[in-house]
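Once you've had a glance at the structure underneath, I'll fire off some questions.
Just so it is clear, A, B, C and D label the chains in written order, and each chain counts residues from 1 on its own.
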């Protein structure tokens, strides 16, 4: 019985142990960051492996406050994987940082919050998890301590997210008032599409739309991404976003299932708005992190298109896309981060003629960009294809056409990067950068993932098989 | 006993929420903005407690939720103030309009 | 035989090339290309052998593997005569493209890598019977083009590369929406399954617009052709050859195999529009060509005009005209490849492509000039070369459609042969003939690799021109099958 | 087979020559001339054998010459019944043409051995000549309408290559382009005509086509005459379009403008292509399709009048030209006009078929004397190094053989007995006299003009003044003289060949009866014209100039070739280029492409204009957030349910 409990809970326990370890490590003798980083990389790998074992355990704990299942385990594993990859990529940045352990503490706490959110069976746990996922991140955004931009970004993030949680909480309080229950499983049975309920739904939905940065709740995203250290940006744009999308899918597909008609319409409108806005802003960006921020907004738009399908396919496609997105975006951030920490160069113009001296980095970045753009044979192509296929299942072809044509716009700005790397005659280009083991490993894993996860049909098939039928 | 009807309390909480929101939108001082957010959170607390008391007196969900909100708000405030202090160090100001380097 | 070999071979060459040192790049690429050609030759042989045994199945060498079961996506391949012809064309152009790029000096390895990737995409496209797979390969072939033009191109290369990539992507976005329509209409991505289901007239007519205009962009259909001149003109020689030789054929093949074959009623419904656009492209492209001063622009615009014949043939929807469309695809592929190869050879020596500043090259480089003239003659439809066979078949087929206005379009299309003669002869007259400017006097003639490439292409052109029955034998059964299907479904309703 | 299998070697031998010399020209160099000539000699031999076998041995069945298909393969199948077949057909017309083409070509090959000696591209020259001969033989033997078209085009391109042989001369390049493009324009008509005929006639095979259409009640005939476009029946359209093709190749007015310019090519080429063989292809085409043509009276009228107008115009222009080759070119055009109208006035059988027979006869004789004239001109030009007859004069002593040949050829073309031209021209005039009086009179006038300008040429070149040249070299090698002499013999003798019993419209022997009385008028008038020319041009005199200035603007118009070239130039330079070509290019750059770039531009503008949303102020972010919820609430709760 007890082992059962622990095994069901194993991913959270692992994270808690890691956190304990970090606290104890901090208490001990002060050591340079270079000592901690390999240890953390190994430990996070261990964490991932533990998560992967016993994958088929499912059940509920604490009277249903906590629940888990194959899909949730998979989602957590995706997050674990992403964190591991980010940790390896952060090597370049953290090596010189005095507070490396604190960065890990913050990021892992936030991850733990996300796990709670994913497994929550009750609104309370959901809310606690959400805040646990957000507040440490705001602090982490500030971790380039002396940078003006970093602190501005952190301020914007904490203010915006506090405001967003206030609205979310207002929504939850109405939900409580209307249904009298905060159990996720009980709520759907008591919801009817009355104006108050719809308003409540919009409040809750917008709280999560804020986290995934759907338009018009996205405005914080670009500023925060730009100001934060690259590793934190990567975390924000990949891990945090993926977790929020998982939760959003659960909420929309189960808790707010009775409101499908409205929520579908909202999704259609918001997804198009998000894609178009993200594209329009991404077109003009010079700073590559800011550029990636807007491009990730556009990606979220496509994810919303997929969610609007309301089917098993849609569910599986969204999760599959996020897996692919982890690989692609982290590959991009890995390269960008490495160049940023080594040379301080962050604008697209700086990347001119990058290929001349940095062939591997250039190809990886190129593949990542292609995957983000959705070009075969990278997995991004499959991801986008499935998302749009899911979205089209409702038969709204105008919607899909607009989304598909927006892909063309997104091609323009993704190809700008490619153009800079390969075609523009930079005077000399960025000098040859050597890549240490850890970041290199991470980049190769990302590349492998981008190439393999699409071509191997089994991955999608597995995700599909464990997705709830709708 | 002459009880106050639920609608009055909801009116109060809504008013509080929008006062908070107004404060957030208009004040330039970050600490004041933080306080405005606390107002909004407190209005939600009122909602929870009131719904619990008036509609579902047999349950405790709302009360607990309010307690958690208070706790988390404190944590949030702590982090926020830390960030504001750091912002002051880099910007020499806690006026929100001074921190608009990143835009467009 | 296993068709996947066609895709695997370039991919394997790609991998070998990736792992080897850069200085072996061209040898590896050439070996790979030769192997590709051999495999394609073997495929042809096998195909003919099986057909000779009396196998009349519409598709041969089918393999069907589940790829994405939940979405009914299969890796389903198979070929008919049309596909075999296209595959052979691809192999030939890849080989000659590699030969022509033998002395490329910048980033040689990358160049060949991209070329191989491109060829893998083209092969995959032609062997696919599953719409998803087909779309996959269609898009695989886009990005290498962007890179090839943008990195190794000349002139406004970045602009052209971007324009080409975006327009082709817009095309594939339209195709994509059309594919989704087919998928949800027929419940499958499998072409042969969809062919058996009859979609309602309304949904056909919507889906058709998407599919045809999408593939039309690839096939340089007016008014979506503007990527052609810029793209071709800026591209390095091999990429131009590939673009015009194969890429545009992806569009034509797609129009035929997907749009017309799967949506016959809509094809009949929109035939007038296709014919109108094709006729405009033919005439207007020819006149626009007449005004060009850059050799590559001349050939690029003439490609617009020539590809109009493909669409005209498809739009007329008679067996002969569709046959002609296929022949025109093959012929145009060979011919423009040769033309671009010749232009590339001239450009690499004189460093100009402007007609006005060239002259009398026949004296300095007789071989290249002869090749240029042969390509030009093929373009203007000289009998004995492939262009004639294709164009005449299109005309004959088009005329079989008894509608008066279609015939007016046909006559207009025929009239383009005069305009073609004008621009080809102007170009050839100015560059090849006339007095030789002094600074070009000592320029060397073609090298062994260029000669081999040119001879291969010329041989193919002449073979097709002299013995068209060989090609029609291959292509015709496929067309017949397809048109039987089209006519059957149309008469049903 | 039917004993004619060897026919296939007749075109194949020159093709072999072309391939050999094209591929190995550089190694073969000077030997290539001999190889080409020998191969062609083989062809010629075979063609004589074939003609002999056909005419004297097995061509005739029941007194009628039948068509014999020697060989056929399906080359390109379009649809059931309609295919391009490569076939070799021998009938009286093609047998005769076969002999003419092979023979003249052989003469030219031999002549060129001397004439082109030392040319750097000697092998190329012979390759082109062989290609031309191959194509022309294919055209002659073709049994399928589309096959005709194929060889028709090949002939055109070899003509293009040969005219542009001196490719570094801009004028040669321009002339070759002009020749190709003008004939291409005409071929467009031919092509569409073929499409029409094939669709309604259900076949591309000439014999089958004729069979399908000939019977007035046949299904094909009915459908063809009932279907129509713009009030004209499909039959008329088809024939008219095909005739345009023929007129273009045969340099009929108004498509003749390429022929004089084509004289830029080497002179032996002009002799072969632009005098004896290729230019008569149009006549040949009409002759092959004659049974179909004769179904439609209106088309026959067009043929007649095109022919006679061309004959007259060309003769008029020829009187004013000073370039020796151009005079010959216009005379060619004029003579072909003769053949053409002779076909036009001909009936389809028996006695009415006199025009047809006469046309073929004239084609036959013309080939000899015109090629002789051109070869002589070649010798003269070779000697004088100029084309302009004003640079010549008094050459009779320096070039004795040439002089005799030229004189005889001039007599022949002027219709003076007993030379070949007399016989054929008499037949034509006779046919015209019976069929159409106005045509007869114009033809007669043209004949007189012909005599005048030919002798104007003759006297200017060989008499006129004392030679301004010191004889640097003689008349040339034997290889140049021999063909002249052989052709001279032919010119003298060809008129006595009884073409009438072989080449007739219905295959039956046509009884011709020389009518001396009828011949008096033309012969006397021509003699008078010759005397006039002698008076004016034998010695240097002012009379011609005086006459020219007396005629004033009329002379000016004629010597400017009726401004037809200028009209074409006007249409192309001032209408096609600026009003069609340039707008097309402009529209493409600015409107079609502009739309594409415009979309990109608009997206960019849009992107610029929305950037204010991202103001950098966290408070406005929150405000947008809240307004977003509010808007969604309004839309989805109240407006859209």
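Just so we're on the same page, a residue touches a chain if its C-beta (ideal position, glycine included) is under 8 Å from a C-beta of that chain, and two chains touch if they have at least 3 such contacts.
Here the structure is a predicted model, which is why all the values come from computation and not from measurement.
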More contacts between chains, A-C or B-D: A-C
Chain whose average C-alpha position is farthest from chain A's own: D
Chain B and chain D: spacing of chain centres that average the CA atoms, whole Å: 97
For chain B paired with chain C, centre-to-centre distance based on mean C-alpha positions, whole Å: 65
Geometric centre distance via CA averages, chain C-chain A, whole Å: 42
Separation of mean Cα positions, chain D and chain A [Å, integer]: 77
Where chain C touches two or more other chains at once, by residue number: 166
Residues of chain D whose C-beta touches two or more other chains: 600, 611, 614, 616, 618, 622, 626
Multi-partner residues of chain A (each touching 2 or more other chains): 155-156, 159, 163, 222-223, 284, 412
Contacting chain pairs - touch in the sense defined above: A-B, A-C, A-D, B-D, C-D
Chain A contact footprint on chain C (complex, rising order): 66-71, 73, 132, 135-137, 139-140, 142-143, 146-147, 150-151, 157-158, 161-162, 165-166, 169-170, 173-174, 176-177, 180-181, 183-184, 206, 210
Touch list for chain D against partner chain C, complex: 74-79, 82, 84, 146, 149-151, 153-154, 157, 160, 164, 167-168, 170, 172-174, 176-177, 180-181, 184-185, 187-188, 191-192, 195-196, 198-199, 229, 577, 580-582, 584-585, 587-588, 592-593, 595-596, 600
Partner chain D, residues of chain C touching it in the complex: 163, 166-167, 222-223, 225-226, 229, 284, 287-288, 290-292, 301, 318-320, 360, 362-363, 377, 380-384, 388-389, 392-393, 395-397, 399-400, 404, 407, 410-411, 414-415, 417-418, 421-422, 425-426, 429, 432-436, 468-469, 472, 476
Contact set on chain A toward chain C in their complex: 312-313, 316, 370, 375-377, 381, 385-386, 388-389, 392-393, 395, 397, 400-401, 404-405, 407-408, 411-412, 415, 418-419, 422-424, 457, 460-461, 464
Residues of chain D that touch chain A when the two form their complex: 600, 603-604, 606-608, 610-611, 613-614, 616, 618, 620-622, 624-629, 632-633, 635-638, 640
